[in-house]
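Can you keep this structure in mind? I'll have questions shortly.
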């Protein structure tokens, strides 16, 4: 997939984690190596500063640095959709400008969080960003963690804002995804729909999604890419078989530790020096994660790749 | 589909409403006429005393009478899965016995409601019923309204209780449905999985469900049956197009009045004398329902059938 | 407190459990003995067929029998507020008639459950009951388990329906209780407000509640009665000290097993043959309850009474 | 109340908003004037960078500037408890250092938000901050918006971390507050408990809270201060009467617009140039707020002060 401006987005994007060094700083070399490894294994794009990427635990400057490092490492081989939500619209636009300059294909803006906003406020927020942004914008709906972006709001934004070119929806609600597609595709045929819920990837693709943004793609990029290819080629049995593998991995990594710690453990098992989380852990939690690592290792191997 | 004992269940089952007469009593003739009409339009089975059927608003005796009338009207043309949950295990077993005698293929037992029970208690409840029931049992999981039946519990019951032959899951959660199927099918290949969430029917069938139990099937049985046939025949575009029609109908009927009132209005529009609900309505609500009827009528017509 | 018709309700009412015999039937003699014991220990009234009393696990006939036995055992010494909610308005009115004949002071009607109704439907339901009931009606709001009865609805019912004489609110939300009192007392000064959340009893009384309907009153009636007397006499330190005792007991009984099993264990520890629950238990649960019994025993003794 | 180091905190603290100028920048002069006005009207302390203060919508540098301006304007007349939560522990400690230098009495650290953390992670997070902070720390529990801080965690932190000197709990759950006090006061008699739920202030004070941190104190500081004094003096009727006034104001401001917009409108009505929110508003919302202003004005006047 080319990362040229205007090209529609599709396929498997990786909301990857960020390796940290022994002092808790971004390990830029390891991040670049991780990104190249992911691209080598076939992912269609990168999604830095997503939830799995712990965007809330970095500073403004660090989030920009992450985008720069990722864009440089991607080197135009795949598009980068850069998380760029900041404290308010002005700061967010500045981050959008930076993402553009760094070479990102688009930005991803999570719906306002902490405060739970009404649909009207969510609309007003994205409209303002869409008006000012110098780069294409994708919406990021994750109603478990942030103000929901409902179907009517997505349609309104899609209809009014050419800058808004797609949405990642992490609800895992396939009825809602179908409603979204039915509401938006007639007025914006090129609008891109991504699911962010790994366990629903195959049904979501069958229901018309253009791709997925999945934490498991940072662990077993081979498998998530193969799922996409299977569905494109109509190999549904193979797709569902692999779906079970990544759901199994997701469930273990997601339930085994406070999100996204399980995915740090998992990426470490693929050979990356992920470092310690900025969220402190007790001794009991550290011990739990050693046990978790064994379970994740087994789940990775059940995907047919070497952990 | 034969309703012979032991035959696996599949296809579209109807959790139909119950017509009432001017004094609020069951209108048995109209109920029988409604059932025959549904069977004539191709539904694969009947599911009396479901949530849409307002089982909680009838007495024990009335629930039995509903099952008798439905079984008699079905006349062996399609199987009847009869809601038989009563106040406790002893009363439920008596209802199971009645369902058997009335000619039902199986019973459906909703998870304990009012009290929110732990998985261990839900397991203990169904295990006891499965041990005592003289008729096959299907589980009914509707976590919005009753104690959830989790994947581990379903697997445990499927593994230990031959009497438990299937589940209806109304969560609409396609990830959960895939987990259920992955957990149970290897040990019970004939176990039947039904979705109870109309808006997810096509993806659920693609993900391996055997059928659906849908309120909209009581309104546009032609369309829900056609969806099932489309998926069986691999006509996915047609299936998804019809899916949008029933989701549209569902959304209007579900959001337009306290559930399941919208479906009473809708069945009335198909020519049945449904009567007034046992749940009283204010004048304002009565007026709202007249407006709702127009919206539902349009949604039915968009399904290509005459309201 | 006299149980004469029309006398306002106040004080501590007991939503007691129902002893069962070895075959799972109501143990009427033990129930009567339990009721007399509670009245001897100073409770101001009885509240059969409440949630703690597991009303949903009995048949219509059993619920009536429970009311009859309790009224007879109370023998006019304290008022009985009898749970009388049935499947629909007609059945509920019949239960109200029975409660009147049995000698109850009033009935308690839980808000519609299973279906989650809108405020307008909740209003319509209670209005219909209030119009038809031959006995005074108290509302029962338990939003964790049933459709919420909001402040505007209570005010509307209080203003229009003289038969509605009070409310039990089990939300434990003291802000909401104050809003209720502020909304209703100006138009219905004698309207009675009861909290159903044991852990909030003292603050609720200070905020103007007339009393409490508490599961712990079925275990340590001495303590709950003493709390009421303490608050009436202005002994706040003593009241709060006892509040901590019953909160401690509540937390252990509530969290230690699926509600209301902990209270069956607890009543057993006060010397009553409660029998086995109608909700089946696994061996693991039975073992847990033996451990729980020790914890509850200690909590009862910390209340200063003998378990 | 002196703001000397080590003095226990009590009374009414104000989580005030921040006036913005026509370009959306902090209006420092108006902020200082607002702070002096609040202190003149008797509030016992200031709580900048709280939820009402929209801390998430400012940059790191702005949050520091707000603390500096507030401390300067408070001029030692009342203590300042400065919100200092940043993206991670290192950044938070830097903010704590700044608050110390600016003259704050303590910092307030909201529980981690966006990610929903387990009690063990919440404990680990606060323990780390408490170990490193150069200034006293108060916990901020707001389970509607951030990871809950449960009773066991508060007790653990209180027992292990002398730097942790109090908690603001915005749940409004009076049972939980009593559990907190019962768990902590025996081991840390000086630990300060504040409620953050305006509608529960009087009952919370009666139950042993040391004070309240209330958005309404930024609107009618006279009334919230009077409530505190009433309770201290045992004038419960007066206290509850004023409680009804601020609950009324709260309900209107809270429900009338996405929080905390109603409080911006309200502060404006007391004579401060609050400016436009950084959260954009549609024309429809702007119109709604003009209607809301009239309702808030009336509620303020019902408090007996001039809007």
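To keep things simple, chains are lettered A, B, C and D as they appear, and every chain counts its residues starting from 1.
Quick note on the criterion: contacts are C-beta pairs under 8 Å (C-beta built on N, C-alpha and C of every residue); 3 or more make two chains touch, one makes a residue touch a chain.
Note that the coordinates shown come from a computational prediction; the quantities given were computed from them, not determined experimentally.
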| item | value |
| --- | --- |
| Furthest chain, CA centroid comparison against chain D | B |
| Cα-centroid distance, chain B relative to chain D, in whole angstrom | 50 |
| Chain centre separation (chain B, chain C; CA means) in Å | 35 |
| Of all residues in chain A, the ones touching two or more other chains | none |
| Contact graph of the chains (line, ring, star, complete, other) | ring |
| Touching pairs - complete list by chain label | A-B, A-D, B-C, C-D |
| Touching residues (chain side chain A, partner chain D) in the complex | 24, 51, 56-60, 87-91, 112-118, 120-121, 123-125, 127-128, 144-146, 258-260, 278-282, 284-285 |
| Interface residues, chain A side, partner chain B - complex | 172-175, 178-179, 182, 197, 199-200, 202-204, 206-208, 236, 240, 243-244, 247, 251 |
